[in-house]
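Could you have a look at this structure, given as structure tokens, before my questions?
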Amino acid sequence: MIVRPKPGLWEVAFALSGSILPRIAGRLAVIALIAIAAVLAAEARPGLFAQISAIPFTLIGIALSIFMSFRNNACYDRWWEGRKLWGSLVIACRSLARRVSILDEAERRLVLTGAAGFAAGLAARLRGGDEPAAIARHCEGAPVTAVNPTDALLHGIGQHCLTLMREGRIAPIHHSLIEEQLHLMAQVQAGCERIALTPVPFSYSLLLHRTAYIFCLALPFALAGTLGWWTLLPVLLVSYTFFGLDALGDQLEDPFGLEPNDLPLDAMARTIEREMLAILGEADLPPPLAPEGDVLR
Amino acid sequence: MIVRPKPGLWEVAFALSGSILPRIAGRLAVIALIAIAAVLAAEARPGLFAQISAIPFTLIGIALSIFMSFRNNACYDRWWEGRKLWGSLVIACRSLARRVSILDEAERRLVLTGAAGFAAGLAARLRGGDEPAAIARHCEGAPVTAVNPTDALLHGIGQHCLTLMREGRIAPIHHSLIEEQLHLMAQVQAGCERIALTPVPFSYSLLLHRTAYIFCLALPFALAGTLGWWTLLPVLLVSYTFFGLDALGDQLEDPFGLEPNDLPLDAMARTIEREMLAILGEADLPPPLAPEGDVLR
Amino acid sequence: MIVRPKPGLWEVAFALSGSILPRIAGRLAVIALIAIAAVLAAEARPGLFAQISAIPFTLIGIALSIFMSFRNNACYDRWWEGRKLWGSLVIACRSLARRVSILDEAERRLVLTGAAGFAAGLAARLRGGDEPAAIARHCEGAPVTAVNPTDALLHGIGQHCLTLMREGRIAPIHHSLIEEQLHLMAQVQAGCERIALTPVPFSYSLLLHRTAYIFCLALPFALAGTLGWWTLLPVLLVSYTFFGLDALGDQLEDPFGLEPNDLPLDAMARTIEREMLAILGEADLPPPLAPEGDVLR
Amino acid sequence: MIVRPKPGLWEVAFALSGSILPRIAGRLAVIALIAIAAVLAAEARPGLFAQISAIPFTLIGIALSIFMSFRNNACYDRWWEGRKLWGSLVIACRSLARRVSILDEAERRLVLTGAAGFAAGLAARLRGGDEPAAIARHCEGAPVTAVNPTDALLHGIGQHCLTLMREGRIAPIHHSLIEEQLHLMAQVQAGCERIALTPVPFSYSLLLHRTAYIFCLALPFALAGTLGWWTLLPVLLVSYTFFGLDALGDQLEDPFGLEPNDLPLDAMARTIEREMLAILGEADLPPPLAPEGDVLR
Amino acid sequence: MIVRPKPGLWEVAFALSGSILPRIAGRLAVIALIAIAAVLAAEARPGLFAQISAIPFTLIGIALSIFMSFRNNACYDRWWEGRKLWGSLVIACRSLARRVSILDEAERRLVLTGAAGFAAGLAARLRGGDEPAAIARHCEGAPVTAVNPTDALLHGIGQHCLTLMREGRIAPIHHSLIEEQLHLMAQVQAGCERIALTPVPFSYSLLLHRTAYIFCLALPFALAGTLGWWTLLPVLLVSYTFFGLDALGDQLEDPFGLEPNDLPLDAMARTIEREMLAILGEADLPPPLAPEGDVLR
């Protein structure tokens, strides 16, 4: 996540960090070269592009905007749903801590470090990191299975609470309150896996990519005949908008990655860890993660 | 589901696998032939299409884009809701496994293989496969009724748990936690059946199909008079976008089929099976399903 | 609901059943006549419509498309929400059956035929049929009140279950599980009543109907001067799209009626009845409802 | 709420009741006068508006349509959410009645008339009526506080049920089922208050009002030069659509008022009262509210 | 939040308070100067901008409107979700008060002042105020930790209720009803933190800011050649709409700030305080917050 104050006039004009511009600069340069070639050709042989008019391009451009807006929306929704799921994880951990607050110190520690380990494990799982290692940093002796270590950790906590209930140390209703939060954590995990494993349909992205490319490549020829050197302005502006939104959509589509606009999973896992440890009464907490450059990961 | 990395420039230009292009190639060829005929006719008799102008086509094209975007949205929502429902099934199975984790081995096995069988049965049911056979592969002696075998399996698990409660082997509250997950599984089944059995209103699809066809067939005549051979570019671009989105919408509308962009039900059922068996402590798990070509089913 | 396979090229071109075309044919004919009159007038006195241009009509047409798309969306959402509610009814009935599966045969029969009667009563209520008769076909001796027979049936089942709990025949927690499903059924009923009794604001539909009519009536005059006989093509295409979507919106707005694109309430109530009877172990089930023509009701 | 059958061709052409037209007639007349003045000026001095063209107005008009569609959407969502909340109130009252159906007659009466009083009090509160009086009509001796009488009534019912539980007359689980419905009623109240007290951001409405006014005032000058007397048609059609949607948005934005398209709170409160009294076995129920003119309030 | 009656014709024309105009006046002035310069240049050297036409600007302007509408939507949704969360807080506090209404006076006071303190603390937290001080004003001796004082307050209440349950002073089920509301309050806090800490992706806002600026700066040159002094009208209207929506989006994006259109957190916290104190039977309540100027904060 990019952590910057709202851009003032100066940043709007010149900011590069946080901008999508560097990522699409190459494509814009190609389009600019083609536009220059088209203008030169039109000047050399005035009648060359006389027939091709801008009107059908208005139609295609607006249709394309409508469909790109749809894909954009879908990608943004994925990103925001990912953020909501991690927000649910924060809620679940806090309510879990509240609901175990009269258990013995050892039981509480097991549950609360388990919650911190769950968050760290999930972050590692979603980012392709070392999931068992991330869990082990927080909770010693956590069960490690090959198939799904993060869920196995939750399974262990749940089994432990069931045992507490069977031994009569917590009332069945009290157990159900705790288990409710574990269920919420399972929801977060499966929800994140759903977003991470199921991208927007490939054919969809491909179709829009292709149409946008062909449109931006053909536009200079439609304008060069009448606009002359002014052609560069609308062509670059349209290409900047279309390619920029396209590249942003690619980043937001998979919100758990490490690109600048992705969600700061590690920072959120650290926040959860800090809160859990503070509730356990620990004095020296690990510091919150700081952004590198302007980017919090 | 098509499993491919994000397309680079090369794939954008030339990828055929995963593209919707092969499916609509025939229609595009027809449109291209008509456009060529229109240009030839316009060249032979210059005044032939002089009267017909592109302006009303801009209006129709944009209106059509707005309505197609609406249908597209509805189809995508169906696809994504189907995915969410299967994500809920994963959650329900994991929480179910956690909540029965202190039962006897035999009871647990019955419930967990039942969950795996439910997922397999639901996948077969939604894809028109052999539902009782799919269930029987996982749980021996499952009740098989003609009307709804997958729900009958769930009914059996629920009845078994009720009996456990009546015999005092699990507390009523504990039983309600288990039953809550069975209810979630029933929600998934009926939600999937709703999507599978209730398509987008037929008249709606027909209306948009027809308008898109007539629009693409008439467009060449509107452009041929002024654009000459340039006519081919916007006509093919518009047809590619409209027919492509249309064909994609058809695939996403019924997300449980076997077409390339449909949901990988079998792979998800296998994932659930693997997780359930791992929790039961089995060592040799069936391997996860691998994509055939680029498509995971 | 129209039950047809996806339309092939032939159906797209010529299907009448399932199409909205017959319903708007009269209006299209009027528009066609006006367009022909406009063209004839323009040919007779060439300067007559010279001043009126197509550009403001592009503006109005696109604005109208945006607003019609909004109404369309609202109507489709009502239709889909209605379907979701009936899906919830299926879920509630199945979970209810599971949760009473260890009661005595007589108790179970009372609850399950009650569920079937509730579905039939709700369908009759929403379609203006004979509600008490529909209920009585399934459950003998059901309470019949003038104000709300379907809710009175649910009230009776709930009271019966409360009595079972007070007599100690089911545990309070078990009773709460059953009552949860009855609450879900009450949600379905009130949700359906909400959709049936509260149409899209009348002024809204009237405003859009009027604008669409005036637009389609005026369009021929804007185009006749320049397009000549080509005028008919865009005018009819635009009128077909606008009137067609309008008529479809009218059908979807009230999804519980008997028009071709409405929801198949009777068929769904029959499905519920069949599943409930199968769970009760009955052998000769009533057959599922078959579509008449292509329409399932 | 306007209660009329779907408009036929005749109503579409001439209906005034239910139309937004009377409310915006003054503004349309002003626009018409300006348009006439512009045409007369253009005829008197032909070159006067020669320079101003319709093209930038197409751009502004479409942009404005997109943004108005957004505000419209937000207003409609508020209206529909208000309706959903009152639908939830119906559900809560019915389920509440079912769940207290085995209490003593006196207890049941207290709860059920309390529910009817809650609905009447909420309607009065949202419409700025006499809240304590509305409540007192249904339940004698209800607590009246200055701050929030409707919530105080609910508080009283809740306290009474808690007392019943403490005295052992209802089981704790049974009490939780009753309290669940009271919570749902509290949700409805706070949800309605949210909509009533928080309008769409003022600056937003102001910005769109202003842009729409300036656009409609300037449009005649852009068209008068080329369209002559035809100018009136598009100008009035655009003004009718924009002003009409604007006025409708204003009505839907605050759905609890007394304007024609607002929700029929009093009629819904009466429905709830009738159902509660029927469940109590009363014979002479107050009649359902009838629409005045075509409007149900 | 701006508290003003619906604007009449006079306010629409001249209102400054509540308008976004003062905030963007500087930018509009710059655009006006550039437009004047462009017109003067076009008059001085008539052929200067002859080549640049308005058509590509129509395309870019509509595409930009579609994408700005998307950002606008996202910002409005954040604002409305923030309001919904605070509405949930009201619900949670009222239901909490109802559910503890038979506890001893001292216990009730602890819980109800705790709820008021939670609301005040959350408001301070979201606005960067002094969180521990805001809490301490309501509840003496509340636990103050560095990491998260507002959640620590909730943790304290939860722990207290658990102790009440363990001591047998409230039944486990009754405890679960109370804890349910505490969970709802934790949901509100984490939901608000999510909105406050995760802005709309920075690159997104930057891209749209940039495109809007370049578009408005370039538009005068496209129109000056043909429209002459009329250029000012569409240029200023477009700039007003685009910059105005942009500035409004910036305000709504972070709905918890102190700008005019932000949510009135302090007023809502005061409302909760008043209701809690009234339920405790206190006679002299603090007055509701009054708007300053037209703005309630």
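Letters A, B, C, D and E mark the chains in the order given here, with residues in each chain numbered from 1 onward.
The working rule: a contact is a pair of C-beta atoms (placed from the backbone, for glycine too) under 8 Å apart; a residue touches a chain by one contact, two chains touch by 3 or more.
If you want to know which protein each chain is, UniProt gives these names: A, B, C, D, E = Bestrophin family protein.
All values reported here derive from a predicted model rather than from experimental measurement.
The minimum number of touch steps linking subunit A (Bestrophin family protein) to subunit E (Bestrophin family protein) comes to 1.
One simple way to say how far apart two chains are is to compare their mean CA positions; for subunit C (Bestrophin family protein) and subunit E (Bestrophin family protein) this gives 38 Å.
Between subunit C (Bestrophin family protein) and subunit D (Bestrophin family protein) the centroid-to-centroid distance comes to 23 Å (mean Cα coordinates, whole Å). In subunit A (Bestrophin family protein), the residues that touch at least two other chains are 55, 57-58, 62, 66, 69, 172-173, 176. A ring topology is adopted by the chain contact network, closed into one cycle in which each chain touches exactly two others. Traversing the ring of touching chains from subunit A (Bestrophin family protein) and stepping first to subunit B (Bestrophin family protein), the chains occur in the order A, B, C, D, E. Subunit B (Bestrophin family protein) makes touch with subunit A (Bestrophin family protein) in their complex at residues 1-2, 4, 6-7, 11-13, 15, 18-20, 54-55, 57-58, 61-62, 65-66, 69, 72-73, 76, 79-80, 83-84, 87-88, 90-91, 94-95, 97-99, 101-102, 171-174, 176-177, 223, 226-228, 230, 233-234, 237-238, 240-241, 244-245, 248, 251-252, 260-261, 263, 274-275, 278-279, 285, 294. Of all residues in subunit D (Bestrophin family protein), those touching subunit E (Bestrophin family protein) in their complex are 51-53, 55-60, 62-64, 66-67, 69-70, 74, 145-148, 151, 154-155, 158-159, 162-163, 165-166, 172-173, 175-176, 179, 182-183, 186-187, 190-191, 193-194, 198, 201-207, 209-211, 213-215, 218, 250.
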